[in-house]
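Common to both upcoming complexes is chain A, partnered first by chain B, then by chain C.
Up next is the complex of A and B:
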């Protein structure tokens, strides 16, 4: 006998209860899927964002702080490398380039970062529009920056530790005149040095997509630290003959052996060197632990939901015991009644799980978009093997647990049930 | 093949008594010295027979430039010099070949260089130790006692001790 017509009829007869059960299971499953998919999106997004920052050298201290400042442009107060160490690293060889990084300023809330044109080209894999900066008062903007090529930007200085109050023309004129130091005016925390936007980067999936990137000489000059070059020198870029201390230097080693060699060379009492991924892996370990705890809690919640629903189903079936008993009295075999109950319960659990999977993915996609907007780190939530395994496990457990009401109904004596 | 290689390395060691004579190990075997090189706290992560594991160490090079050329051990089918890489947050290894060891402090560490033992011939239990030969171009062969730490260890349990 085909049990499906009766299963469908039972579902239809109790459709509101069925919808309620399926909804509750779907929500519990969606929660688990969303946590799992979001954790992976965060991990992959942050790892890929750091891909182009091959090796970072900074002053000894928290590598996490340096990483977050340089890659994710979340500036914290990091120590500067000494001018001697800066010069040694910038001119250390075995690298395609060594790019100083300076940060701390902002334009309309977006970060202003100083570095070299080579690093901009490396990070962006070529520009989307315009050209790289060739003068101290030129800038390249990130792919998502609201500023356009041709705009002139009056940059505010976030720190009151250097020069302030000079305008672009004065700065550029002084630079062109070969002056390497401009007296700061007493206007704490603010100065206005215009820069012209000459290019736009391709999307990098990093917070640099919203940044205004200027030559590092601009940072040094605007903060009264010279230009990093000999007096009278007006060019920008390496070599930096008189570089002051910088918060960090990004190195692109010439090959893999050089990468490890340089990492080892600059792990000294005066500097630290690290691959971003090695710091991220430690963060992921903590993040993974948190995700595992949360996944455990959601799994427990799912089991409780299924258990509660089974209790509800048992009560529902108890109300319908006479109908099943009538079926048996009319000659339906026990196995038919068993199959009807098992399929009924299994359908509710499978329906909830299968709706929960895309629902969870949708939640993770929305959260990913919000986090990406907040942090600038591109991330995409995807359903992977872990999420499919989670749903698969719930389906297996659900179909096993569905045997309980099926067995109870099967074993109930017909005469007793008919009373 | 492995036995032959080991026997040959032992033969080579006997053929260069000067190197062997200069090689000395301190009483707790955390330090091995030869030809101006001191190897401190060699350690590996616990792993089962048939699996791979990584060996790390600190090298204090008081001599001139040297090159770490190769390593071998009876505890694994192959010992090779690798760099630890991370792709999408997952650690992997990549064979590097011989590596320069400049004067000063040099380290093989869990996020940098390491000696990978491929196909362990025995299970390495935490708290145990095994022998490893490392070959430097100038300092010659060094015979190390490698401590086995936890499978998820990030440093030698005696790291920071002065020897």
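Up next is the complex of A and C:
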């Protein structure tokens, strides 16, 4: 039995309708694939982004807000840890390092983040170019930053405007000379210091890739809070003898036991401590539920599309009932007619599904790129088991539903259709 | 080629839903079809000639009665067996040819080979030879570009692919002009002369004139020979 030439002939007979049906199915499938692949890309991208932030300590409050501020540099207002608590955490021990994180400024729209050179090195796994900062007025830029090593950046509190540099240079000189506080002309209480870009980080897949990373001492100094060190001290980095409060501290515990120990130690009335993964797991649980609901709805929509198309196909096949009756009159077994119709309908569904799969992947890839551009979180849309299962489920349901027109055509009285 | 002999006895076929609404379409006490003859079922429109042809081909199932070909009772067979019997023993020619336009003339002839149950060895050369015999150029790619006469000759070639002993033809010349109809008529005569049993439903005088036997029907009943001659 070889029904394929007649399947092809039937497809050719209504080629425009066939193309329309395949297109509609492909679009429905692509939508489902795009949602599923995008959700996973978002999950994997956000998890990868948080990977180097081992343990975060912050003031009591929303861990989600702290996570989004520290890892994704989302400009959310978070409470500061008290200076006492900050000092306790920074000097708490059992860690390879404890890096204060300060933010709130930006340069040409890109975030300016203050932290320690150790954390930059840890986050970036070594630099792509240049060296780590060693002075208050030096900066390292993220891999995607438009700024280059050697550039001088005039950073202003909360603004992206450039600065003439005269005041900033004076402030830097003052710091070098051991003076703690320089008043700015435009914004009382804030000091402006030009920073020189001395290094570029490797890609981290986080919004830090676009950031200008400065010593945390710069943040404190620029906001009129001293340098975090004793008066007259010009070095940067730990230990911080006079650290003011900070929004968060990222700790790299020395081992697993220390990680849990420090987390428990800093879960107090004055601070909270958490592993980013545990917060992400909760977020993913909600996202997962939503994704499951959306996947279910998408599959239901796809089945409805297939069912609607089957109704169209039934009408189309009814117009061709004489053709199938002729086959029977010529001696074709019912199974042959059944196979022709089933394969015809199946080809439309399979064609739509197989075109929809790469189409959905393409849409997800574009959306991922847009989201990555918007958030800075690197994400790659990939076709995984979930998407293949979605297409597989649609194919199973489609081929099952295709039995309906096949059975109806096969059962049609031959002579009635011949006349 | 040995054509099949046909025997019909006590054949009744009716349509309609309930006992009161049923209408008898065919009521045929007896009919013999001799092997290797061209038998034409004739009569005015609505006389039941096409219905009788479909009954003889096993496409319709009578209410009662017996139809047998070569001693094998068609009326005792289930649908699948009747399909198989038709596939193995009979060819069918339609008034409107019913070719698949998306297939080439050659593929239209080959089509019955795709149904399964046959060896397909040498079929392509046989199909080409049949087209050549009936004067249809095999290099033609598009069936829709053939003339109506050529299309009917492709349909005849399709019916003969497996060299059947029996050929049914439903109004085979009704859609053709005089010349094309004449060619098809002569072709049917030829294939009967090769020993096949040919049963055609037609009121074409040209076909009637070359038939070995004419069976006249009126309202589903046989018209006695004397009345038929008078008519």
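Everything that follows uses one rule, which is that the second predicted complex is superposed on the first by the 401 of 419 C-alpha atoms of A that agree within 3 Å, B and C clash if a C-alpha of one lies under 4 Å from a C-alpha of the other, contacts with A are read in each partner's own complex, and residues count from 1 in each chain.
Throughout what follows, a residue touches a chain if its C-beta (ideal position, glycine included) is under 8 Å from a C-beta of that chain, and two chains touch if they have at least 3 such contacts.
Computed from a prediction, not measured in an experiment: that's the story for all the values here.
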| item | value |
| --- | --- |
| Fit or clash between chain C and chain B when superposed on chain A | fit |
| Contacts of A:83 with chain B and chain C, given as first, second, both or neither | neither |
| First, second, both or neither for A:203, with chain B first and chain C second | neither |
| Contacts of A:415 with chain B and chain C, given as first, second, both or neither | second |
| Partner chain(s) touched by A:358 [first = chain B, second = chain C, both, neither] | neither |
| Chain B versus chain C as contact partner of A:312, first or second or both or neither | neither |
| Which of chain B and chain C A:5 touches, first, second, both or neither | second |
| Partner chain(s) touched by A:259 [first = chain B, second = chain C, both, neither] | first |
| Which of chain B and chain C A:326 touches, first, second, both or neither | second |
| Touching partner for A:274 - first (chain B), second (chain C), both, neither | first |
| After superposition on chain A, the shortest CA separation from chain B to chain C (Å) | 53 |
| Where chain A meets both chain C and chain B, residue numbers | none |
| Residues on chain C engaged by chain A in the complex (per definition of touch) | 50-51, 54, 57, 59-60, 79-80, 83-84, 86-88, 90-92, 94, 98, 100-103, 107, 111-112, 114-117, 158-159 |
| Complex interface listing, chain A residues touching chain B | 43-44, 46-48, 256-257, 259-261, 263-265, 267, 274-275, 277-278, 280-281, 284 |
| Sites on chain A touched by chain C in the complex | 1-3, 5-6, 8-10, 12-13, 322-323, 326-334, 336, 414-415, 418-419 |
| Parts of chain B lying in touch with chain A, wherever the complex brings them together | 83-89, 91, 94, 96-97, 99-100, 102, 106-107, 111-113 |
